[in-house]
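After this come two complexes, each holding chain A, first together with chain B and then together with chain C.
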Partner chain A sequence: MLGSIITPDLFAAALRMATPLALAAIGGTICERSGVVNIALEGIMLTGAFFGTVVALATGNPWLGVIAAMVSGVIVSAIHAFASINLRADQVVSGTAINILALGVTGFMMERLYGHPGTTDPSAMLRPVFKFAMADGGFLGTIWNWINGIFLSHTPIVYMAIIIAIVAQWAMYKTRWGLHLRALGEHPRAVDTVGVNVFRGRWVAVLISGALAGLAGANLTLEQVGSFTENMTNGRGFIALAANIFGRWTPVGSYLASLLFGFADALQIKLQIFRGQIDIPPQFFLMLPYVLTVVVLAGVVGRAVAPAAIGKPYEKE
Partner chain B sequence: MSESRETLPAHRAWMTVAQKVGTPIASVILAIGIGSVIMWASGYDPVAAFAALFKGSFGGPKQIGDTLLRSTPLILTGLSVAYGFRAGLFNIGAEGQLFMGGLVVAWLGVALTGLPWVVMVPLLVVAAMLAGAAWAFVPAILKARIGAHEVITTMMFTYIGRYIVSWLVVGPLKAPGQIPQTDALPIGSQLPRIQTLFSEATLEALPFLKLGRAHLGIVVAVIAALVVWFILKYTTLGYENRAVGFNPWASETGGISVQWTTVKALCISGALAGLAGAVEVMGVHHRIFDQFSSGFGFTGIAVALLAKNHPLGVIPAAILFGALSAGAGTMQLEAHVPQKIILIIQALVIFLVAAEEIVTWFIKRRQKEALSHVG
Partner chain C sequence: MPVLELREITKVFPGVVANDRVSLVLERGEIVALLGENGAGKSTLMNVVYGLLSSDGGQVLVDDKPVKIKSPRQAIDLGIGMVHQHFMLVEPLTVTENIVLGREPGRFGVIDFTTAHKKVQEIATRYGLKVDPDARIMDLSVGMQQRVEILKALYQGARVLILDEPTAVLTPQEAKELFSVVRSLVDEGLSVVFITHKLEEVMSVSDRIIVMRDGRVVGETKPSETDDVGLARMMVGRDVVLSVEKGPSECAAEVLEVTDLHVKDDRGLEAVRGVSFTVCGGEIVALAGVSGNGQSELIEAIVGLRRPVGGRLMLKGVDITHASARVSIEAGVSHIPEDRHRRGLVLEFDLAENLILGDHRMPPYATRGIMHPSAVTATAEKRIADYDIRTPSWHVLASNLSGGNQQKVVVAREIGRNPELLVAAQPTRGLDVGAIEFVHRQILKERESGKAVLLVSLELEEVLSLADRILVIYEGRIVREFTAGEADEETLGYFMTGGGGTKLEDEGRTEHAEMAEGDA
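Take a look at the complex of A and B:
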């Protein structure tokens, strides 16, 4: 039984499931490092997922869908940026409004465009980047099949997420931009004093998080599912926030934490195959990622330190 | 001289009420305006839409009954969220606590069949509140002890709670038959419809009492609002709750335990959401199933914010959102506008209340215009 659970496609599925979480979590990391809480990741991801499908359906080109997803993510996050940076609204409340708005807008437009609620028609999807043949037999052949199965079987955004994690980590710790970003979330007054525009810095961070959460949505519809269903993000934006905390507000940490959640998700899907043999209701598997999120938060939060100025609107003197 | 002295305080008091109520009302008007523009831009007729919506929510006693029916759980979830906000806590997971409250009622209400109504109903109400409080307890402890953000944890518990319900209604608590739902509550565990309390003759004489599906839960909800108002205004419990929400550091210095207050606040918030689940099961569905709540826990956030977290303000705010939700069906049927527009308006209201500056700017501009006309 164990042999049929631990297979290359379990780990491949973990990477796949981790991707939307990781992209949103990295977005959350960048946003929160600048001092703005982004509860809206859930709604931005949903919006990206929707507009990705709409454009892919209309044009037949999934890449245009990806662009639409990111652009819509940026637009939605601009609302959050305006409310929480310029209008000094409560950032958590503004994020909640966006989550509800995203549910409303995607549901409303779905009925307007396609005349029915629920799920859209299947759209064109992004194909796996590589296509290598499986080796037959032998020790080396088995190793190749594992590598091929786990790492070389994926669609483009899965690889993009890994690259984005590394680039964001580098940018955050090795560039001027990263230094300013981190300072914005710790001591915005100091950044202001040295002549950096706090509002602009935070705006850029929020918009980047919007683009990444939008890309996460594109991964869901254009790589994983192939169509849009209302409320299909199912709390992933909140799990991504937890991954960001578990990853201690670092991009690579967020990616690795997402990998843990992705693995839990892959495992729960895999275990459902054994529903006939083990008498555990499927709902218990489905709740696993959410339980894990609480457990992880309970175990780690006390030791993870949030940026000092997080959630506090900045007022110019 | 003496005359103006007497009228001044009353005038002042009136002014502050007007100021407090002014922004929320302006927010609602602005949100409906933006919603209309969205409808119009999408090719729908906003005037026809709102006319149909009004007809479906206030067009007659039956429609008013439907509005009350939907407002009932919203008053309670609104109170739930507001009570948390007053302690500086954001209980985004009222939906999950509502599910647990409803679940316990659907289970005990059947299991304890035979108990007299006067015993059963209070028992179920208390059980549902305990269930809701229990569902908020882990997030509360995590928040108090290690600072785990309640937005994430209560949200996660909402998903967990919903999966537990969806398991129980196909598994151990499933009623015989094809539909995944629990057994119907016996009459002795139900909250009766308001119109059943009056005789046929009275209803004929006073037709406005034919409130259709509206049930006694509305009385429970209003009483809850009064109790929460009293607690917040006149008790030590409420004082500590407000103090911690206002300034936790000063409260701690002043001898209030912030941790303990946090736990109490989230659990009371959970209890109120659990009560919402109870009235929904006892008054409307008489059983629980997967989709028994149409997001009342989440709409409660909008209710609380619109009410500026005032427990009595929650009642009109809940009636507004209850009316929107009750009329949405008629709107879709007659003006063909997708019901989801209601969610958009709800989000806009939250935005406008949260980003008060937009609305105050708007009001000020109007006042300036008015003044310039006078001048």
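Take a look at the complex of A and C:
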């Protein structure tokens, strides 16, 4: 039975499941490194997923859907940026409000646009990037099939997430923007006194996180499911936050942590198939990713240190 | 031609004139000390120069040209650098990253770390400020961090360096190093403004001294033309008694009795290893020692903040060995903690609340769990008057007071409670001469009224002037006891740093005692 659980498509599914988490988690990393808590990732992702489908349905072009998802993510995150940076509102409250707002707005607009709640019609989707033939038999053939199955079977945003993780990591540690970002979340006054604009730096970071969370939403609807369902993010934004913490507020760390959560999710789905043979209630498997989140957030896996100025609005003297 | 000139700078905060037409001239290559009590307006003035505050009047001239400085960035561009009291360093970043922050070398937004390193090294060697460019700030000592701040200013091209109370956070050794660094900077043609309230520093480093009081310049002098007493008079505006007058003490009755006390520190290591002593009513006993030799743990055990692992604490015949802080307060122990921000005050509370904290459960402030605000404010108003706390009213938050006034709040509360035993840990840390004098007088008053005082201080001068008996603590043991007049700074320093060894005979005795205990 183990042989039929551990197959290339288990790992492929892990990569796939990790993608929305990773994109949102990297967004969270960038946002939190600037000193702004972004608990709104969940709502932004949901908004992105919705508008991605709306535009894909209207135009028939999934790529326009992706752009719409990112733009809507940026717009929603601008609300968060304005509230938490300019108005110095409590960032957790602002984020929570946005999550509730996103849930309501997407549900409401669905009724208005399509006349029914629940799930939309299927939209056009993004296709896998490569299409390689399976090899048959032999040792080399098996290896090829594993590589092909795990790494070469994916849709564009899955690869984009990997590239974004690497580029963001590089930018964070090698560029001016990255240095300012890292300093912003630790000691904004120090950044201010050397003449770097704290407000602008934080705004940019929050908007980037919105674009990435929107892209995560596009991945859900336009690559994985093919239609929008109310509240389909189902807590992924929060799991992404956990992945960001587990990844110690670094982009690559966030990606790897998301991979772990993605694997838990993939395994859970896989084990559902064998529920007849394994004498464990299926709800237990469903719990896996969430239990993992709680374990991570409780600091069981080593304590991570958050940016010192996180959640604190900046005020000029 | 002066590098920096201030003409009639005025800065008004709601209700206070922080700077009242202050003028000042700084020449190339000189060290000017800006001396004044806490709240005299020194930092405000320099924050105006550095562009952190905007002035309400007056003119700033750099190289004889009038300038408007609206942001630190502009100040930096004009060659003015400032090292703040609270460092503007990003802890998890490296030394190099902190120094180049905001002015990173590189192209297309990509930082050229090789060049950055080289530049930092260059400046470090040129001014003799050795530091590891790859170390993280959080791993550096405070003295080193300050060095990074100075390097940062130099990297930004500072010709005028403002140091805001630079020695407040340094050990005496680090302070000495800082002074020699400042000297070498001036030799290289820089000009330094040095904000401080410590008289001996002013006398030893500065070329010129400008004294401020209540937002005004009240005098200018040179170290060669004045002395400690003269400076103190200028600064406070009246004669200050730097030495303390007191009569001989008489032991009325033993108030605190510490017997073979053992206390562990946060890491579980034994920090206090078998300490025994007594404190009488009408007596000040001082605990002298280098920081980290078990003083903090010993105090915490006495005031109920830490459980001793062995030994006994008696207060007037009552066993308080395992008393909680609450029980210990009720038994008559008052505590002026060494860190007033962390333990002495609730900064977000107003003065009235802070002034009765700890007694808030007891009448007249509360009966059956219900607070009586009128009783609280009545006491607060009385204490504000009695202890000369400078504040518009008791409504003010503790965080809005100057350090000296915050300490007065703590002292007012702890002494106002009328305790049997006053434990004062570094009661004058960070205070200016006027406030120090005040706190010392309050402590002496307690002694005169027959209360027991246990003083812990790193300032030997304070220990020598106040104490009737001095216990020298080293590595968790009391290695020597002196009576007043028996010791001087040198002898104390010798024993504090382990000069007398850990006293073999004494240790032998303690071990025997432990064995005897084990046998029993």
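Please note the rule applied: the second predicted complex is superposed on the first by the 313 of 317 C-alpha atoms of A that agree within 3 Å, B and C clash if a C-alpha of one lies under 4 Å from a C-alpha of the other, contacts with A are read in each partner's own complex, and residues count from 1 in each chain.
Please note the rule applied: a residue touches a chain if its C-beta (ideal position, glycine included) is under 8 Å from a C-beta of that chain, and two chains touch if they have at least 3 such contacts.
Worth saying up front: this structure is predicted, and the values here are computed from it rather than measured.
When the two complexes are superposed, the chain touching more residues of chain A, out of chain B and chain C, is B. In the superposition on chain A, A:L271 contacts neither chain B nor chain C.
Of the two partner chains, chain C is the only one that A:D192 touches; chain B does not reach it.
Of the two partner chains placed by superposition, A:L10 touches none, neither chain B nor chain C.
Of the two partner chains placed around the shared chain by superposition, chain B is the only one that A:L101 touches, whereas chain C remains out of contact.
By the document's definition of touching, of the two partners only chain C reaches A:A183; chain B does not. Shared-chain residue A:K174: touches chain C; no touch with chain B.
By the touch criterion defined above, A:A308 reaches chain C but does not reach chain B.
In the overlay built on the shared chain, the residue A:V291 is in contact with chain B alone; chain C does not reach it.
Put simply, chain A uses no single residue to touch chain B in one complex and chain C in the other. Residues 38, 42-43, 90, 92, 138, 142, 145-149, 151-153, 155-157, 159-160, 163-164, 166-167, 170-171, 298, 301-302, 305, 338, 340-348, 350-351, 354-358 of chain B are the ones touching chain A in the complex. Against chain C, in their complex, chain A makes its touches with residues 174-177, 179-180, 182-183, 186-187, 189-196, 305, 308, 317. The touching residues of chain A, when paired with chain B in their complex, are 39, 79, 83, 87-90, 92-94, 96-98, 100-101, 103-105, 107-109, 111-112, 117, 234-235, 238-239, 241-242, 245, 281, 283-284, 286-287, 290-291, 293-294, 297-298, 301-302. Interface of chain C with chain A (complex): residues 47, 52-53, 71-73, 76, 88-93, 97-98, 101-104, 106, 109-111, 113, 156.
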